[in-house]
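Inspection log for the structure reproduced underneath, given as structure tokens.
Chain naming follows the written order as A, B, C and D, and within any one chain the residues start at number 1.
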Amino acid sequence: MLDKVGIAKRIAQELQDGWYVNLGIGIPTLVANYIPQGINVEFQSENGLLGMGPFPYDGEEDADLINAGKQTVTLLPGASLFDSATSFAMIRGQHVQLTVLGAMEVAENGDIANWKIPGRMVKGMGGAMDLVASAENIIVAMMHTNKKGESKILSKCTLPLTGVGCVKKVVTNLAVLEIINGTFHLIERAPGVSVEEIQNATEGTLVVEGEIPEMQLD
Amino acid sequence: MLDKVGIAKRIAQELQDGWYVNLGIGIPTLVANYIPQGINVEFQSENGLLGMGPFPYDGEEDADLINAGKQTVTLLPGASLFDSATSFAMIRGQHVQLTVLGAMEVAENGDIANWKIPGRMVKGMGGAMDLVASAENIIVAMMHTNKKGESKILSKCTLPLTGVGCVKKVVTNLAVLEIINGTFHLIERAPGVSVEEIQNATEGTLVVEGEIPEMQLD
Amino acid sequence: MNKVVANGDAAIEGIIDGMTLMLGGFGLCGIPENCISSLVKKGTTNLTCISNNAGVDDFGLGLLLQERQIKKMISSYVGENDEFERQMLSGELEVDLIPQGSLAERCRAGGAGIPAFFTPAGYGTEVAEGKEVREFNGKPHILESALTADFAIVKAWKGDRFGNLIFKGTARNFNPVMAMAGKITIAEVEELVEPGELNPNQIHTPGIFVQRIFQGVDYEKRIEQRTTLSKN
Amino acid sequence: MNKVVANGDAAIEGIIDGMTLMLGGFGLCGIPENCISSLVKKGTTNLTCISNNAGVDDFGLGLLLQERQIKKMISSYVGENDEFERQMLSGELEVDLIPQGSLAERCRAGGAGIPAFFTPAGYGTEVAEGKEVREFNGKPHILESALTADFAIVKAWKGDRFGNLIFKGTARNFNPVMAMAGKITIAEVEELVEPGELNPNQIHTPGIFVQRIFQGVDYEKRIEQRTTLSKN
């Protein structure tokens, strides 16, 4: 079973040289720490920044330089700054090659829910609806089950949707799943996790074809 | 009767302090030379410049600094440069207080034609259609009649339209006209021009009420 | 062309109960601190505020929420503010949540004379309820309308007397598009200079979009998430 | 992220007969001179060119017109080019004339993932023929669709290896919006520098919009209307 860092490491393997990548808040943010050697990517932060670098050193933080998670960040050489409309022009116009974001629920038809629990939590969708509706290439980073052990990989989302039919790949603490023609397909198992464990943790339709390899991390 | 400079001088009297103004090619361009004392206006050029100054001195012209008429110009202090989409955001968004442009024909319902003579001349509308469709305040600068002596102030335009029902004021070599409720109203006569001369040169419905004052230039 | 006013109090003259305001900023980054203080002092109520976020409990728009001056928020993300969540869940506060990109584009559209446009964002979600759906290139889109405001209040780094603005870092965010969309746009700046001092090629918001400008004081520029690396 | 190609000939690789190109510039100001030369040399034909103007008889896009390489022009203003007018009136050249603001906005929309938007420009004219009309705030608007291109070719003042661009003066014009709308965007620049040399706060076109970049040579930068004042 993977921890959050493990999920981030596995997603980092998906990065390709020259890609512009938008990382959501939470686990996705960690992906930036595990870029494979020889791969150059640039991170886009939807509040208006391309070429985001690591956190600043103590005492060098700048209130005027934050990422979409409101964390203080730095700029790498070749960075650029722009307004919110231009930022979402990049996103909506499909200039960003990969979007990684978290989710509360994902359904086998590619629907995703991650912004609202009616009557309880309303943080807002932020940029997530724009990202999922626009991106050609979305990877969801999430835990396979909630704290009660209930599956978050569903036949149908129960929470208000963020986007419909947009998710193609999910990386969880248990598995890598692809959504093909309305069903989840098991692609890889997390180290030490059996196919059966994954099946038990998956409420949605899960197709298991042939031998399922274990993830190779590091 | 006014010459082109006279028309420009009369239009310049319409300027108000603090206005942003877009001047079309031809007579309208001349208006910039006759800004009344004590009035500050800024000129917008739709190719991407606000705060346009006079022509440069010989030898100081810059190929990268032109106006919408492709003439070399200068920047005044406080000028700004921007792209074409932003420029027309200013125009379409009604941030420009006055638009002055030329016309081939104006009709009593406020229609204007100034971009095409079918089968003969096709220069294109450039920014004129955006300007006339958007501006709250449009003044047309034109000759009252064509070279054959035929009226260009019409009951109905004969040429392909640039915009419908948008013109509110026309300054010609003979008169100042306002369009109110679908008819031309004679507001002022050019120096030495009689009401009858104006009536004879006007094909569209012309309302003449009371004594018509002569323009006061200079 | 002199658009300079004395301070925040003078800048917000004419803002009255029930008006719609746009306020620039993303989180606490690039927010018009001086004008918010003046609004709190003035006590204007029943405001509809269009702003990407709603500040935190004791800073930014949170200050107006504390004083119950806001009737309705139009935002994309309102986490990190307990008072906001309380007022919202109790029904005291109306909230219209909008995808962030649609919010930015709707402000720009409002300023650019584009009354409506199609976007894929929100299709199939509750955001699309009551909105026209149309397919383009095989993909469903929804029709979103322009947003404008009685007053837009933005914060810039430098500005000149004509209202030309330059922003710094990610404090730019929503400020330029909101500056376009205000019937009256107020800019507060950290440094106010004479026309000609800013390079015309580097201006982010041309002065035509700005009606009032002043040099703000005492900027706190609070950091919401101070994330740093140790030098060792 | 290194997007540098050797020159105009290398930059236009992949442009083939029948493609749609966007070319930046207003009049002869800010046009991609090097790529136009390479296109003339390559002899690609049946091109659809989206460009605000069509150059003059012997410069800019006029050079491609002379060689009959252009099948269709999509522009807002095409005066000052006799060969263009001749080909157009004779029917050799298809021409789609578009209001300048709609042209700019349609390019931006193409790059921004906005498939269509409403604008008042052109309502009641032949530009509106076949287009949906809808009233907003009591005023009729027409629905205009996004424009994209197989290749967008832009000219900037400075650029870096990542494709970040800074334009100079009014040579900016259509270049930034077209850079957004190309499936592949080529930028030719007067000065190519290393990433980090351009101030991130002053970049007009972020590199994400640019796929190929090179430092052009021998810029003529012809002036169409040399208007000057005598110093005496």
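Methods note: a contact is a pair of C-beta atoms (placed from the backbone, for glycine too) under 8 Å apart; a residue touches a chain by one contact, two chains touch by 3 or more.
Just so we're clear, the structure is a prediction, and the values are computed from it rather than from any experiment.
A.B. asks: On the document's contact criterion, could you list the chains that touch chain B and likewise touch chain D?
C.D. replies: C
A.B. asks: Count the C-beta pairs in contact for A-D and for A-C, then report the pair with the higher count.
C.D. replies: Of A-D and A-C, more C-beta pairs in contact link A-C.
A.B. asks: Which chain is most remote from chain A in terms of Cα centres?
C.D. replies: B
A.B. asks: Can you give the whole-Å distance between the Cα centres of chain B and chain C?
C.D. replies: Going by mean C-alpha positions, chain B sits 36 Å from chain C.
A.B. asks: Taking each chain's centre as the mean of its CA atoms, how far is chain A from chain C in angstrom?
C.D. replies: 28
A.B. asks: Just curious, how far off is chain D from chain C if you go by their C-alpha centres, in Å?
C.D. replies: Comparing mean C-alpha positions, chain D is 33 Å from chain C.
A.B. asks: On chain B, where are the residues touching two or more other chains?
C.D. replies: 81-82, 85, 88, 91-92, 134
A.B. asks: Send over the residues of chain C in touch with two or more other chains.
C.D. replies: Each of 105, 108, 112-114, 119-120, 167-169, 201 in chain C touches at least two other chains.
A.B. asks: Examine which chains touch each other and state the graph shape they make (line, ring, star, complete, other).
C.D. replies: Graph shape, chains as nodes and touching pairs as edges: none of the named types, so other.
A.B. asks: What are all the touching pairs of chains?
C.D. replies: A-C, A-D, B-C, B-D, C-D
A.B. asks: Provide the residue numbers of chain C that touch chain D in the complex, in ascending order.
C.D. replies: The contact residues of chain C facing chain D are 105, 109, 112-120, 134, 136-137, 141, 145, 166-169, 201-202.
A.B. asks: So in the complex, the part of chain C that touches chain B is made up of which residues?
C.D. replies: The contact residues of chain C facing chain B are 1, 108, 110-114, 160-162, 164, 180, 194-196, 200-201, 203, 206-209.
A.B. asks: Per the contact definition, I'd like the list of chain A residues that touch chain D in the complex.
C.D. replies: Against chain D, the touching part of chain A is residues 18, 20, 40, 42, 44, 50-51, 75, 77-82, 85-86, 88-96, 134.
A.B. asks: Residues of chain C touching chain A in their complex?
C.D. replies: Residue positions touching the partner: 26-30, 52, 75-80, 85, 88-89, 95, 97, 99-105, 107-108, 119-127, 157, 167-177, 204, 221-231.
A.B. asks: Chain D touches which residues of chain B in the complex?
C.D. replies: 45-49, 54-73, 81-85, 87-88, 91-92, 111, 119-130, 133-134, 160-165
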